[in-house]
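Next, two complexes with chain A in common: one pairs it with chain B, the other with chain C.
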Partner chain A sequence: MSRLPITRPVRVASDLTATLFEDVDLNLFTLHVTLHEGNIGLVQGRTFRGCRLLGPAILLLSAGNRFDDCNFGDPDGDMRNLILRPSGPRALGTIPMRDCLFEGCEFHNIGFTGPNELLDQLLAVGPAKS
Partner chain B sequence: MTDVMSEAFGRELNARTTFEKEAVWLPLLAVHALNGGAPTLRGKTFTDCLIEGPGVIAVLDGCAFDECNMGAVTDPNSLFFKPQGPVAVGVVGMAECRFLRCTFRQIGLISSDDFQASMVGSMVSTTKPGNA
Partner chain C sequence: MTDTITLPVLGAGPDYTGLKIWIPQLILEAVQRGEGVIEGKTFTDCQFDGPAVIIPLGQCHFDTCDFGLSRGDMRNLLLSPMGANVNGAIAFKDCTFVRCSFLSVGYTGSPEFLHEMTANVAGAPQ
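Moving on, here comes the complex of A and B:
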């Protein structure tokens, strides 16, 4: 059964070092800063279930992430509006995520970047505005 | 201790047009502006500031970057992204903002091709051997 849309009241995540976030709301930039150890800032091995994930933020998608039954936000009818392609070999200003599972989550004011093949898969999720 | 997510703090932050010799957390600035009904940060001047991310700035009309350190990258193009649609979700729009002698940390940019070429060119010329 789908968890979407999320209609519960706002519930701010209290422990950003947790590995499982369930039915809570969190700013991804706050999560990134909290986990910013060793100057890497990588969000790795976390599970988000029934969460509202808030920006502004650009997620850098790398290996091992899975999205099940998620609402990627309001692309204004065009999935391309959620996608930024990096111009160089690195992607400054983004929040790198690896091996994370998103189940029944909503993304608000969040864009996505990463390798071209991943971005192409994301673009295939929804129809582009013609 | 100041609650930086409070509405009162946000109103105070939104009212400011100048920032000098301080650290500015860009996502926080953007969230409070958005909560105040302004999707774009406009008409602010940052002098000798540390602009901290993570965040990607959409460089809109009238922005100027003078004598700034844009962060540690070997290829200046790594600062830049290309939006794939007519709107860019998740970025922080800035218009008519001036950055003077600021240091950027964990900040990317989207901009016009001309702006990107100009900034990449200036960064390459200031980091080439002999100028480091």
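Moving on, here comes the complex of A and C:
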């Protein structure tokens, strides 16, 4: 049974160092900064279930992320509006995520970048103008 | 539990001088004022911190700015939009940046802007 759309009231995540986030709302840049204090700078091995993930932010998709029953945001009829391709081998200023599981989550004001093969998978899930 | 950090209010400007600016805070304050875009501001001797990807709109000017550690290749700071619109980037419209520095900030925008960044900024590949 789908968790979407998320209609519950806003509930801000209280512990950003947790490994499981369930039915809470998170600013991705706050999450990144919290984890960066440990010189990690990488959101890794987290599970997000029934969460609203909030920007503005560009999420860098690395290996091992899984998305199940997620709403990636309003693409305005063209999934490419949610995607940016990195011009170089790195993508500074983005929020890297690796080995994370997203179940029944909504992304708000978030763009996505990463390796071409991952972006192509993302393009395949949504509407695209020819 | 996560500790709470309280930051000084940046305010509406339009002139910001000698400030350390966490870009997410700048946009959150703008949203609270009902502004969807940071427009018509002048930043002088400010240090901008991300994580953030910014998109300059209209007539933005960068005068003697340090765009950040590009790790030898300016393209590491740049992202190309795939569609006509861009989600997740922070828009600055008609803003001027004088002697500002940027840390953990990426840039996106029109092909012309991205080309100008790679062609004219130190750290561009030869």
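One rule holds for everything that comes next: the second predicted complex is superposed on the first by the 125 of 130 C-alpha atoms of A that agree within 3 Å, B and C clash if a C-alpha of one lies under 4 Å from a C-alpha of the other, contacts with A are read in each partner's own complex, and residues count from 1 in each chain.
Keep in mind that, in the parts below, a residue touches a chain if its C-beta (ideal position, glycine included) is under 8 Å from a C-beta of that chain, and two chains touch if they have at least 3 such contacts.
Note that the structure is a prediction, hence the values are computed from the model and not measured.
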item: Joint occupancy of chain A by chain B and chain C, clash or fit; value: clash
item: Touched partner set for A:I110, first chain B, second chain C, both or neither; value: both
item: First, second, both or neither for A:A91, with chain B first and chain C second; value: both
item: Partner chain in contact with A:L26 - chain B first, chain C second, else both or neither; value: neither
item: Chain B versus chain C as contact partner of A:L53, first or second or both or neither; value: neither
item: Partner chain(s) touched by A:I83 [first = chain B, second = chain C, both, neither]; value: both
item: Which of chain B and chain C A:L16 touches, first, second, both or neither; value: second
item: Residues on chain A lying within both footprints (that of chain B and that of chain C); value: 27, 29-30, 32-33, 55-59, 73-76, 78-95, 109-113, 119, 123
item: Touching residues (chain side chain A, partner chain B) in the complex; value: 27, 29-30, 32-33, 41, 55-59, 73-76, 78-95, 109-113, 119, 123, 128
item: Chain A-touching residues of chain B, taken from the complex the two chains share; value: 27, 30-31, 34, 53-57, 71, 73, 75-92, 106-110, 116
item: List of chain A residues in touch with chain C within their complex; value: 14-17, 27, 29-30, 32-34, 55-59, 73-76, 78-95, 109-113, 119, 123
item: Of chain C, residues touching chain A in the complex; value: 1-2, 24, 27, 50-54, 68-71, 73-90, 104-108, 114, 118
